[in-house]
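Below are two complexes that have subunit A in common, paired first with subunit B and then with subunit C.
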Partner chain A sequence: MGLPTLGVGIGWRSEIDLTVERLPGVDFVEVLAENVSPDPLPESLRVLRGRGVPVVAHAVSLSLGGAEPVDPRRVAHLAAVAEAVDAPLVSEHVAFTGAGGLDSGHLLPLPRTREALDVLVRNVRAAQQDLPVPLALENIAALLEWPDGELSEGRFLAELVERTDCWLLVDVANLHANATNLGTEPGRFLDELPLERLAYVHVAGGVRHGDLYHDTHAHAVPPEVLEVLGELCSRVSPPGVLLERDDAYPPDAELAAELAAIRAVVSR
Partner chain B sequence: MGELWEISGSAFLVLYAVGVALGVAVVLAARWAARRPPKPDAPPRVDEFDLAFLAGGPDRMVRTAVAELVRTGRLRVNRAGRLSATTDEDPSHPLESLVLRHVGGGGTNAQAVVRACVASDAIRETSDRLTASGLLTSPAAAKRARWLAPLGLWAVVAVGAVRWNVDITEGAAVSFLPLLLVGSVVAAVALMRRPLLRLTAAGERVLDSVDDEGEFVRVALRGLSAVSDPEIRRLLAPPVGRAPAARSTYGTGACGTGASCGAHAAGCGSGGGGS
Partner chain C sequence: MTDLAARQAELVRALLADGPVPAGFDPDRVRAEAAALLAKRRGVAARLRPDLAATLGDRFRPLFDTWARENPRRAGESFRADLDAFARWLQERERQERERRSGHRLD
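Then we have the complex of A and B:
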């Protein structure tokens, strides 16, 4: 079964709720599940749903790559939010966020070994059983790369899709960050992915500090990120592309311009 | 038994009434004069923030700044009424700069901004400048007109009270004097309680001559009720039933009770116009 076409959207945040409702060219939104209560839903989300705008529930704390089993309460919350907003799908990251009862507060990269993949697959399957809608998984911007990796990131995700039937959420800003900071090749990554399983795409801004790129979600989307989006779009027509902005929100006109720039790349 | 001061009762009543009328006239003349200060050398030039101050006091001025920043996209308001700045650029008006600095990354609402900014230097500077321009009464003139001018009226009342006391002591008829006394005390108290309009006649003329084209000017003149976007208007307005922000800084207390500070003002410093 396929997923719906989402179009171009923006991350819904309470700080910009009214802006998101009013921005032109918002075909869908994504809500951070950990930040909202499913009952009652924020008024803004009810307004958007009333207009028929699809809302995707996005999670950041399931720690699907962690060695410990997934916390069923976190999965239940994501499921409740998904049902409350009538989400066509939910999404999470290929990462772990803690271990041994400690929370890192960051999305940490997995060792790309077969053993780590087995753990990830086990957790993803467990989460899928309790989720009411399909799950898409996202590549992260890694702070480091574990040694002795057995698979490239693209192959790692491809095998994950094959074994769990999950969908892909490709973050092109994270691809750019990894290319800058770790020397990875976005083109090779995209070549290795089963792009027919692409659910949607994340685009975000960041800032360069010397040789390093910081994926802040608090700066404008740089041209390099849009170039990676263009590279992706040359391979597949993405069902959805979403602009993520989490801080230092610019004026409405700037957000509208970023959405327009994304739409221009997608429509090329 | 002779009459006090060799004045008959009926003659005293007439003199007392004349004295009260003169006392009232002095008060009214002082108030009239306080609102007509000497004309400045150059005709005053006012901007939208000045108009807001003239029309509604410091609250109106701050609310106008907030509404204008929101309208032009430099401030954002969300559904919870929380404001956040969208720009680091420093606006040209010091009050706008102050509002943006106070709001910062967000978390505060319009009411908190008003409370934080009504006593600012930007407000004081505007008040002083408008006073110097003859558009607002000076605090000293307002104080004189409100508190010193009625002293003559109170002196007449004191004379009447003495006469009444002597007449009672001596068993004389005091038919109408108590009524006149009570009436004149009520008049004197009412005159002192009534705040002086801070807006001068020249200030009124400025407001009357304004072309209210553009939302900026309309909000300055009429308050938040002139915000064209109903959602924004609702989110910026004070909560229903909530008392308006403190208004003690509107001038010098001449407007302190909030009755009215100008022909166009919905209320002194009420921030007026909230929906």
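Then we have the complex of A and C:
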């Protein structure tokens, strides 16, 4: 079964709801499932759905790579949001967000070992059973790496897709971050992925402090991230590309210009 | 507990609760990640409790960071409940300061 073509979109956030509604060239949006109630849905999302704009539900807290069991209430909430917005698909990350009774509040990388892959596969399969629509999984930005990787990040994701039939959400800003911080080669990473399973792409801004690139979603999209997008687009025509902005919101014109820059790369 | 569960818990303790850096990790990167997680948590705090950020002004960051390092967020606890605990910690701290000041006056 294929997924719909989504086009170019932007992450819907309550702080910029009116901006998202009136920006030109928004073909689809994504909502952070943890930040909304499915009933009642925020009015702005109902307005967008009323116009026929597809809404993807994106989750950050399922901790699918955690060794501890996934909290079924979090999966149920994602499923409820997906149904409320009639999402064509949902997405999460290849990450864990807590262990030993503590919550990290943000995505942490997995060891790229067979053991960790087995755990991830088990959790993804369980989540898929409780989700009403296909699940896409995203590569994260990491500042640190586990010491004992057995697989490259690309191979790790490729095997995840083979074993769970999930889709891929490739975040090119995260890939740029890992290239800067961990020495990941973007070309090799992309070559290793089954890009026929690409659901959509994330683009975001960040900032470099010293040797490290921080994927902040609070700064402009740097040209290097658009270059990685271009590298991806030279291999496959992505079904969707979405701009994520989570803080320090700029004037509408800047977001419109970033969307236009993305569209220019995609249609090159 | 599986090996993976134990290793994930060890890394999380190092990142959130000043635990030792697990074997094989780059200590500089563990520190950088810990700082990034703390900054994210502080950002969420400032957004959810603008009242606390406004009242504390320049003191918000050092006070929040001190509290956060001693009180990593427990699994299953909402950000709001977590920040209520921060607010109670601030109140208790102020009460102690007031007591100290009035104690000085009595001396």
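The definition used in the following text is that the second predicted complex is superposed on the first by the 268 of 268 C-alpha atoms of A that agree within 3 Å, B and C clash if a C-alpha of one lies under 4 Å from a C-alpha of the other, contacts with A are read in each partner's own complex, and residues count from 1 in each chain.
Just so it is clear, contacts are C-beta pairs under 8 Å (C-beta built on N, C-alpha and C of every residue); 3 or more make two chains touch, one makes a residue touch a chain.
Please read these numbers as outputs of a predicted model, since none were measured by experiment.
In this overlay on subunit A, subunit B fits alongside subunit C without clashing.
In the overlay built on the shared chain, the residue A:Asp148 is in contact with subunit C alone; subunit B does not reach it.
When the two structures are aligned on the shared chain, A:Asp191 is found in touch with neither subunit B nor subunit C. When the shared chain is aligned, subunit C comes close enough to touch A:Ala67, but subunit B does not. Looking at the shared chain after the overlay, A:Asp86 reaches neither subunit B nor subunit C. Annotation for subunit A, partner touching more residues between subunit B and subunit C: C. By the touch criterion defined above, A:Gly105 reaches subunit C but does not reach subunit B. Superposition on chain A places subunit B within reach of subunit C only down to 8 Å, the least C-alpha distance between them. Interface of subunit A with subunit B (complex): residues 14-19, 42-44, 248-254. The residues of subunit B lying in touch with subunit A in their complex are 73-74, 76-80, 82, 84, 86-87, 105-106, 231, 235.
Residues 66-68, 71, 96, 98-106, 108, 111, 113, 115-116, 119, 142-148, 212, 214, 247 of subunit A are the ones touching subunit C in the complex.
Residue ranges on subunit C touching subunit A, taken from their complex, read 2-5, 7-13, 15-17, 23-26, 29-30, 32-33, 36-37, 40-41, 43-44, 72-77, 79.
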